[in-house]
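Two complexes are shown next, each including subunit A; its partner changes from subunit B in the first to subunit C in the second.
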Partner chain A sequence: MDDHLTGILSNIGVISFVALSAYLLLLTGEISFGQQAFFAIGAYTAGIVTAMWQLPFWLGLGAGAAAGGAAALFVGLPTLRLHGLQFAIATLAFAEAVRILFELFRYQVVRAGEPVGPNGIEGFRNIRYIFEHDVSATQFMLIIYGLLGMTLFGFFLLERSRLGVAFRMIGQDGLLAAAQGVPVFRVKLMAACLAGAIAGLGGGLYAHLTTYVEPAIFDVMLGVHSLAYGLIGGLGTAFGPLLGVVIDIGLLESTRWFAGYRMIVFGGLVAVLLIVRPRGLLDERLVHRIRRLVSRRPPPAPTNAAVLGEEPS
Partner chain B sequence: MIAARALLLSLFVVMVSSASGWAAGVKAKAEVSCAATAKPLEYDCAIKLSDARSGAALTGVEVTVGADMPSMPMAHNVKPVKATPGSEPGTYRAQIKLEMHGDWAVKVDLAGPVRDRIVKSMRFEPKP
Partner chain C sequence: MIPFIQTTLDGVMVGSSYGLLALGFALIFGVMRRLNLSYGPSIMVGAYLGTLLYIQFGAPTYVVAIVAVAGSVMAGVYVERLCFAPLGVGAGVASMVSSFAIWMQLEQASLLMLPRHSYPFPSLTSGELLSVGPLVVRPDYLIMLAAMLAITAALHLLLYRTRFGLGLRAIIENSVAASLSGIDVRSTMLKAFALASAIGGVAGFLVLSANQQVTAMLGMWATLKGLIAMMIGGLGSIPGAIVGGLVLGVIEVHSQTLFGPQVRDLAAYGVLFVLLVLRPGGIFGTAAVSESAAHRGGDRWTTT
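Up next, the complex of A and B:
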């Protein structure tokens, strides 16, 4: 496969994690502008584990996801009692605080005669696991899509579970959900932790894909995009945010049809879709219709009476 | 379910192959400098590659140069271009076309006898 195509597909796969993370919170009716912070925490943690501590890659990814989830728990505890705009602003403030903290974060060790590790605004370079262990670009892309497939399978199970129903109930009406006995705060906290872990996992993959991270990567632009992917693609299914990523990175960015004007086209697309289809392309109604079409059973076999041409009495 | 099983199996194969690990290769070091050309947003980049440990010039390497905007990761990617070897050993040249001026992370990918990636943060300004 062409290296450029492998790179684009890998990018689509990695950014899908942060889009899915924002989507999970959107399901509970909360808009977060701060999922990029957990992506950053996952990226730095995974990088520290593999490049500095020389531990296995899978441990790095696991640590990245765990750190993302733990950070989400830490932020969720005080902020998830807020609603709507207040919650959105709180997440944005947290994400910016994290980005600035990473600008100040210096922690380096010497590996093979060279300093390795986060170096403030300079970022964290030489996360060279895939080169040191000769993992090809295609192999790494398969790892990304394998983990993305597992995450989507998790969403598939979630949508069919009581927890998934509780997420959507809270998303529709938190007060009504509470009246039905749903522990709203606890369920929301669970959604935030899962979302943080998904973003952290994506961050770990990103750090190893690009081999470097710097605080500028994790600014609000990434948060706004990850939120927009779910809103464009649709909130009816976990494939919605993926469709949003494919439209943006796969179509607008990679084809260069709108080179230089991409952000204008993307912004316009978000605005139009929010008016025409407020819950995105793959919204709940369309997903329900597709499910009915797919699961439609064949008409029942004719009875003996019908075959013999007798009128039912 | 069959698709899910196939996916898990393929992931397991990749995990095993990537976890086995081959010998660590050469760590490359690069000096990159880019100068604006007469055409707007086009930059001529000179790259000097060496072994980070021994300092020896890296020759016969397949070099590809791309760029990424840190402020919008994974977007505004510059399609990587192949660099051509220069007259001196370890030197390469490539011409990249950016989408806009500003801060970019220039990615130098090495393939062939040495496989590595070096990322340099650079600011690209219009030609004075």
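Up next, the complex of A and C:
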């Protein structure tokens, strides 16, 4: 496998984590413009653990995910009582504040005669654990996809659990879910916390993949992109956001077919797609059909409203 | 005391540009209950068209102004047709993401037109400072403040003294009932959207001529500042937009003088975050907005 392809695939894998993180919150009906903040927190934390404290890689990743989850819990407590737009803007404000704080954040130690560590707006260079420990690009890609696979398996279990059902119930109608005895706030907080941890894990991988992070990477664009991935790919299954990432990074960014016009093509594609399929390519209806084909059980005929969450007109 | 008053005055002046941006935002949000992220990039398209004429053909300032506003309106109508009209009332999220997609389109189109990071923009004044007693003001910011007040007054007359305004207020109150009483909801919404984009175009032109340059950051800057000012003031409220803009300007300029340029934005986001948590409806109360939202069957943002 050549380096270019490995690079693209690794990139797709890492960005998928942020997309999954935004998707998880979308399931509960909340739009977050701020998942990039947890991605950034994870990246910086993992980088500090491996490059500065010289601790093992897995510890760095774990610390990144934990920091992401903890930060999400911290933000979720005051903001999850807000709704819709207010929640979206509060997460945006938080994420931008985090980005600016990283611009001001300086913490360096000397390693092998060179200063290592976050250096404000200059960013955090030389997160070289992967090179120092002779992990090849292909091996690292396999690590990324291994973790992504585990995360997806987690989503698969979640969709079959009571918690997953509670997520979707709240996403459909929070009031109704509360009336059914779902502790809405606690469940949402759990979703936010999980989403933060997933983004933090992705951030840790990202920092080690590129060996270099700077605050400018984690701007609003990343956050809104990751939100858009779920909506293009589909909200019916966790493969939806992955499909979105593949379409954007795999098809548009990495090939040179649309050089200079990438955003025009991607933007137009998304806009038209949302008119045709407001809940993305792999929406609940399609996923349900596929499941039915696979299981070959004669299902109870579901009514449109129950399966799709379409509004009665 | 004098430096403090001077800084506050500077803040009000900067804030008037935020207020202008927020006015257009609030108008769209007030009517549609949906967020148009492409608002800033639409302004950018107009501004870039004007700049293109200015650089290539040395177009006079008034032509640049007209083109900037017209271009912004054109881009705004394109956004409305593609992201808002075809998606039903309940599709708040889809509209917002769709408008973000068009943001990328408009921004790239602008950059294809003028690829460098920044270009000169014609100024309205000679740039001399006016002194009022011990205080100084920049005349181009005075024009901005005057424009903001004039546009607010005109908007007020339009909303409360014309048939179009009546229709618009009826839609804000209840779009189904408005449509049943014979108001053409779609065309009124399109007109409101075009009007908001025109206000944005004016704001963009005035800000750029005060800065005497246009940069590639314009689109994101205009969307973010307009959005923050609107959220501080109160969702979809016209007086809220003005107050929110001024408050944002004063906070920004004061924190910049005290702590430097990076803290400027940090303070703005910090205030926004705290305000949202403590008082989600913004300074201008929640009553009007949340009540009318409740009439529409709750917060449409949570259902698609």
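Criterion: the second predicted complex is superposed on the first by the 296 of 313 C-alpha atoms of A that agree within 3 Å, B and C clash if a C-alpha of one lies under 4 Å from a C-alpha of the other, contacts with A are read in each partner's own complex, and residues count from 1 in each chain.
We adopt the following convention: contacts are C-beta pairs under 8 Å (C-beta built on N, C-alpha and C of every residue); 3 or more make two chains touch, one makes a residue touch a chain.
Just so we're clear, the structure is a prediction, and the values are computed from it rather than from any experiment.
In the superposition on chain A, A:Glu96 contacts subunit C only, with no contact to subunit B. Contact with subunit C, but none with subunit B, is seen for A:Ile31 once the two complexes are overlaid on the shared chain. After overlaying the two complexes on the shared chain, residue contacts for A:Leu104 are found with subunit C alone; subunit B is out of touch. When both complexes are overlaid on chain A, the residue A:Arg262 reaches subunit B and subunit C alike.
Common to the subunit B and subunit C interfaces on subunit A are residues 260, 262.
Within the complex formed with subunit C, the subunit A residues making contact are 26, 29-31, 78-79, 82-86, 88-90, 93-94, 96-97, 100-101, 103-104, 171-175, 220, 224, 227-228, 231, 260-264, 266-271, 274-275, 278-279, 309, 311. By the touch rule above, subunit A contacts subunit B in their complex via residues 3-4, 7-8, 11, 14-15, 56-58, 112-114, 122-123, 125, 128, 131-135, 139-140, 142-143, 146-147, 149-150, 153, 206, 210-212, 214, 216-217, 219, 221-222, 225, 248-249, 253-254, 256, 259-260, 262.
The residues of subunit B lying in touch with subunit A in their complex are 4, 7-8, 10-11, 14-15, 17-19, 21-25, 27, 52-53, 64, 66, 68, 70-77, 79-80, 99-100, 103, 105, 107, 109, 115-117, 119, 121.
Remark: subunit C residues 35, 37, 82-83, 86-88, 90-94, 96-98, 100-105, 107-109, 112, 220, 224, 227-228, 231, 235, 262, 265-266, 269-270, 272-273, 276-277, 280, 298-304 touch subunit A in the complex.
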